[in-house]
Amino acid sequence: MRFDLMIAVVVTCAVAALGLAGTYAVTAERIVEQQRLAEARSLKSVLPDASEFQQVEDAKILQSAEAEAEGVFVSAFRALASDGALIGWGVRVQPRGYGGPMQMVVGLDRNGKVTGASILSMNETPGLGTRIQSDKWFLEQFAGVEASGVDKQLKALDVIAGATKSSRGVNKGVAAAAHVYEKVLSKAGGE
Amino acid sequence: MTRAAFKGGVHPHDSKAATAQRPIEAGPIPSRVVLPMSMHLGAPCEPVVAVGEHVERGQLVGDVDAMVSAPVHSPVSGKVDAITRRLTAGGSIVTAVEVVPDEVQDLASFVLLPEEHDLKATVRAAGLVGLGGAAFPSAVKLSPAKDTPVSTVILNGCECEPYLTCDHRVMVEHAERVVAGGRLIADAVGASRVVIGVESNKPDAIAALRDEANGGVDVLELPTRYPQGAEKQLIWAVLRKEVPKGKLPAATGALVHNVGTAAAVADAVEHRKPLIERVVTVTGAVRRPGNYRVLLGTLISDLVEFAGGLEDDVERVVAGGPMTGAALGRLDVPVQKGTSGVLALRAADCTRAIDDDQPCIRCGRCVEACPMFLQPFALGSYALLGDWNGVERYHGLDCIECGSCGFICPTRRPLVQLIRSGKQALLAKGVKP
Amino acid sequence: MSLVQHFAILLVGAALVNNILLTRFIGLCPFFGVSSSMETSLGMSLAVLFVMTMASAATWVFWNALLAPLGVGEFLYIPAFILVIAALVQFVEMYLRKVSPALYRAMGIYLPLITTNCAVLAAATEAVKPGFFKMNVPYSFGFGEAIVYTIGVAAGFGIALLSFAAIRERLELAPVPRAFKGSPMAFITAGLLSLAYIGLGGLFGL
Amino acid sequence: MDLMLIAKAVGALSVMGVVVGVMLTVASQKFHVEVDPRVEAVFAALPGSNCGACGHPSCFAVAESMVTGASPIDACIAGGQTVVDAVALALGQESCAVDAIVSARHCCGGLAVRRVYEFSGVKSCAASHRLAGGVIECSAGCLGLGDCMRACPFDAIRMDDRSLPVIDLVACTGCGVCVRECPRGHSALLEMVGEAAPVVVRCVQHDKPAQRKKYCPTCCIACKKCEKECPEDAIHVVDWLAVVDYGKCTGCGACVDVCPQDCIDFSGRSAVAPAHTLDGMAANVPGRVAAPKAEQTEEVVAG
Amino acid sequence: MSKWIEVFRSGITFENPLMRLMIGLCSVLAVSTRIEYSFFLGVAVIFVGVMSNVVVSAFRKLIPSEVRIPIFIVVIASFVTIVDLVMHGFLPGVYAVLGIWIPLIVVNCMILGRAEAFAYNNGVWLSIADGLGKGVGFLIVICMLAAIREVFGAGNLVFLGVHVLSLPAWYQPPSLLVLFPGAFLVFGMLMAGANALELRKRDRGKGVSA
Amino acid sequence: MTEATRSRTRVVSAPPHIESGQTCTSIMLWVVAALAPSAIYAVWLLGGITGPAAVVFVTCIAGCLGVEAGWNAVARKPQTLADGSALVTGLLLAMSLPPRTPWWMCVAGAIVAIGLGKLLFGGLGFNLFNPALVGRAAVTISWAGVLAGLPERGWFATLSLPESAGLDAVSGATRLGLFAADRAAAGGYGIDWASHYRPLLFANTQGSVGEVSALLLAIGGLVLIARGIIDWRIPAGYIGSVAVLSWAFGADPIFHVLAGGVLLGAFFMATDYVTSPMSKSGRLVFGVGCGVFNVVARFFGAMPEATTFAILFMNGLSPLIDRAFTPRTFGWVKASD
């Protein structure tokens, strides 16, 4: 058996692992931080009045939210004003569009009115599906939709021609967020 | 009885009306006969006469000691004028013995063949070759291998080529010779059955043969479709057996001879007559179309002249049938043993000028027409590029060059010509069929 | 959804709807490099099927038994997986060389290409690491699923490669403009082929 | 915490390294095969065009054969001196000098020869030759449809405006493919001659001069002027056709000057020849390096 | 130094990995929808290519040839992972798009090919030239491809957030160009263009030598 | 012997020396003739010779002919307009586009169809994908948004349509669109299939130009089969598998055969010689493949109709099919002794 070969491979592996673990240690925090920042920016954009967002960690709430919008619901945030008062909710959802799940944030105020929707990331067809983001009017039309009877209101909204699937995906996300609000969050209250 | 035809093939207009009912007439006695030493497939003959020598009608002028070959006899009495190299209808340049006939010719007599002990030797001595077109020495076919006995002799009276009527006339006028020849062949190879296959467009030939046929000789009416007369297709029509690739027809228990060959066999045996003349259909744009009994070696120009000469608007002269025959660049080439017809075609009767730039539109008609179930379009494309491996992969060597594909192709691709180049290149490379 | 249906959709989705070559742009080097002849394409397809399946099985085991439990997968998976693939390929190469020199002569130059074939790494990673490549697979595959999925990907690779090889055989006969002869035309044909595969997009909601 | 992670990482990847290493070492011993690296080396030295001039089906085949000694190191005809040197180097042998040969065309009729008929069909010499012996009345001359040009694996042939193949002596490697491919092979229309062959007779027809003059304005008329003029006794009219004996020919050009039919030409790479013919032009090229000047080309085409 | 320049230049011209060698295609075709993504991919490839060439050539005497491929590939994979982690941490916007293609740089045939064919046989200094040359060749082509696709398929060109170019409003960009068939088609056309130039040059050369 | 007989320059070519009557041009003209009734009817029904359908026809056909002629002129190649294939392509491109397609889109489609789809490959006979469908696919994908935004609704209402046709001229959604919407609303189909038969057969103004009358298309197709221009196997395989599969999926087979591009595709596009297989069995497989793809896409896909992609997809497979289904050469049997 040629031990020199094995030693060469193992040493390379070990050195590589060492280097990578080091790099990971340096960047890991930043990566988490970046993700949090992006999320925060989105939340801020749909709920501009809030100054702080608090992730909901109550297992019971999360469970019933999950049950309400299976596979679409991701997480929920309390939007707090500078004085700490609850002014609304941010809901992270991942509805399916044309090209797979899209990461979205939907904001609702305490009265159950949608304050806005924003897209974190998506995999839609450039030029077609991506118009849900680039055609500004499309996302804007969700502001003001009421959580109660949301399905009916959404049906009346315009979809982007040629990108029905993507548009419907956004609708689904908003609807899921509204349902979670109506059935779970509105009852959970501000703690 | 009628049999379903083979699969594939085409239906060209048969154009036989002009000569079908014209009895066989004597042909010209030309001022010079040119006897190529290679009028057959196989080894060429060597001249056995010298320049200046006088030869009799029926005298041997060329022979060679090879298995696949056929001796040549002089069809006239006369003086050997020269031994030259001549262009033949097929385009090759071969040694030829040129004889200037005597003033007086006695066409009724000829030098008798030597007495031989069996049919094969007689046929060989007579210089008989297949008169169906391929000119394969007939004697060779009469010695089938031990392991593939022949049980059926098939006489090929299909004459599926348009225009040609020479076999037709032979069958009508010499039915008894044809049947007798068939019997002789069957006896020689030990076959129990003789089947004469005739296309349905020759009812008078069928009737004439049926009158003569009895005991072990059947006349089979076959549908009129080109190339019904091709050997493998004929065997399939008669026996429903495919000749396996690379094998001889005997593998199916069949031996195929042309009806004219059969008649010549009967002549050779009963009259000890060598092959010195044959029936040639001269038709198309000539003034006196007909079926002529032509001395071998007669120049086609003399024959055409004898048939009244060409009309002015003739564009192409073809030796053989229109589907497989050779177009002639010049008419001073001799009639050979395999020359079944001379056609003078006007522009309107023949193919448009061919341009190999014409694309294949992949219509698939050639695939449907090919009686060998090949893909002629692909063979043509590969051959055009000189990709001989492609030709081999698509079984180009199985092509029988019947011309059905070229006939049917809407863009008139020179398919046969291309496939032929491919085949020749492959054979030159030593690829076995 | 019955189990059979589940696996069937997994297979079709991997092979056709998300065809690795023509709708996902992965594994293109051999797609263009090997497709000039039918024989090498067939050989390459089989080699990919073999290596890919083995690779997925191996990476699945390493991931689930070693990397994931230790919590180091996130940053070690690339070297770890590619190491497994490279070793596998070399193994196959040595094996072929010994057992079938003819096959080795025919495929020898393509085997090393498999190491650097994105498709193998992508499929192996996808079959193991949840959410990679944004496939709509919200959960991690079991071993069986990983294998079926990989076979699907490899089958899709084979179908696309073989049909492209047959296409290129015909292209050889075509009088394309001089500047387009060869590779440029291969790319344009691939473009039209992927245009046709667009029609598969979104089939079965995949 | 971080140290723990690093330890785990190193451990994990090392384990995989061991597994892989063991697998490969075992395999490399179990599946060990001996290959002769010299075959690869020789193969690399060959031109790789699989032209077949050496009589082997491929360059790889001849490489194998050279390594076993079954073929000599100069078996590759197309490669010329450079390849022989490279092969010798790869095999660690003494190189040898090669007598390079090139292709020469013995016909200058082209479009001037009388046509017998109009040809319609595949534009290839072979196809035309098979059809009634070719379009031109001369049974030996060039048919001008360029089979040789298409066949040349080294792109050394082009067809000129007389429909005659012009062989670029710089590019021609002497592989002989064109000679094999030309359907006028029976008359040796194309012939392999020594690289230094200085003159070429551009006629191959053995018909009687009186006859061939009728259809070809440029044929050799067997006047024997060249024979008389030649100071080296290197050119003779044999069977009604002038033939050069390259063993004696010095390339003085006396025959070229005297030929009333202009059917003797300069050729050959090393001859000192005026560039007054297309083929002769290549003769001005010293070795395989430089190319003739552009204006020369012009002049030559015009002439 | 002149050798260095020659090695570097060959990567851009007649040994261009994409146009000539046709390797490393996947990420190129996928990412070239926007010039911005292409640029960063190119930079990532240059980094990985140069670094792995450096490491391989520095340790080439120590690497046994039997296991060189696994070792090369682990080296490459490590640099790729570094790019992956760093980009994820510091360029999250770009990473969102390029993320899935970064790991595939590992299998970019080009990099392994260079490690094996060049770095393993040459010194560090020249290996840098080689890695850099091939990488820049890659970068140029991918950016060209992306520029064409972005300008004609989207109607404008945006680089690092700057609006570089916009086509007039009446221009209806055919989105086919930014979809996957467009990648193949445009790349094919680019190659044909390069071929045409080459052929022109060769033809001109031919006119002289008989 | 006269000099004329002895030797005269005449044409020599290889056998065969006679030919069948059909030429490329005559075949193409038959296809045009078979399409003509549908095309003329479409122009008449959709606004007459100044209407939008006429514009589509004119721009597509002129575009295709122009691109081909221009290419030949620039490349100094013999002019090939006379073979008629560019005319067929233009006609079929027009018939596969919606009636209000903007003119510039038609021209772009023609450029892609003839330029990219055909001439780059070497012209007639060498293209691998159906040129008209390449053009259509490129256009519909490139400008999906523009096409979807065509103001169909109001426009058709202004047409004077034959009363007897009994069509609901105002609804904008295509019939397949209705089907697709219905499909989304899970559960059984609520469509009254039979109510669509008459409009689909006689006067259908929703959908592409070529879809106005399934009856005329079918007659044209059958004429081509009867004349031996096209092989029955492709349309039979295509239409047969559409019918059988849609029935198996619980929908109405007649509706699915008549609606959308199936008839036009099956008779006139899948049968394009150049891009379909050559052998008989291969053609059947090809036809069935188109049909299966089409139905599966209709029932499980993201688009309401996929005729274009079904045929293009099978075009891509057709060289492979050709390889797999070559006829057995005569005589290539196991030696039977």
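Lettered A, B, C, D, E and F in written order, each chain numbered from 1.
Keep this in mind: contacts are C-beta pairs under 8 Å (C-beta built on N, C-alpha and C of every residue); 3 or more make two chains touch, one makes a residue touch a chain.
Computed from a predicted model, the values in this text were never measured in an experiment.
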| item | value |
| --- | --- |
| Neighbouring chains common to chain B and chain D, by label | C, F |
| Chain whose Cα centroid lies at the greatest distance from that of chain C | B |
| From chain E, the most remote chain by mean C-alpha position | B |
| Centre distance in Å when chain A and chain C are each reduced to the mean of their C-alpha atoms | 32 |
| Centre distance in Å when chain A and chain B are each reduced to the mean of their C-alpha atoms | 86 |
| Chain D and chain E: spacing of chain centres that average the CA atoms, whole Å | 41 |
| Of all residues in chain B, the ones touching two or more other chains | 326-330, 353-354, 414, 417, 420 |
| Contacts with two or more other chains, residues of chain A listed in rising order | 2, 5, 9, 12-13, 16-17, 20-21, 23-24, 98, 128, 165 |
| Multi-chain contact residues (two or more partners), chain E | 66-67, 70, 74, 77-78, 81, 85, 173, 175-176, 179, 185 |
| Of all residues in chain E, those that touch chain F in their complex | 172-177, 179, 185 |
| Interface residues, chain B side, partner chain F - complex | 10, 12-13, 147-148, 162, 232, 236, 241-245, 247, 251, 301-302, 304-305, 309-310, 314-318, 322-332, 343, 345, 349-354, 357, 359-365, 367-368, 371-375, 377, 394-395, 398, 401, 403-404, 406-412, 414, 416-417, 420 |
| Touching residues (chain side chain D, partner chain F) in the complex | 115-122, 127, 131-132, 135 |
| Contact footprint of chain D on chain E as seen in their complex | 66-67, 70, 207-210 |
| Chain F-touching residues of chain C, taken from the complex the two chains share | 38, 162-163, 166-167, 169-171, 173-177, 180, 185, 188-189, 192-193, 195-205 |
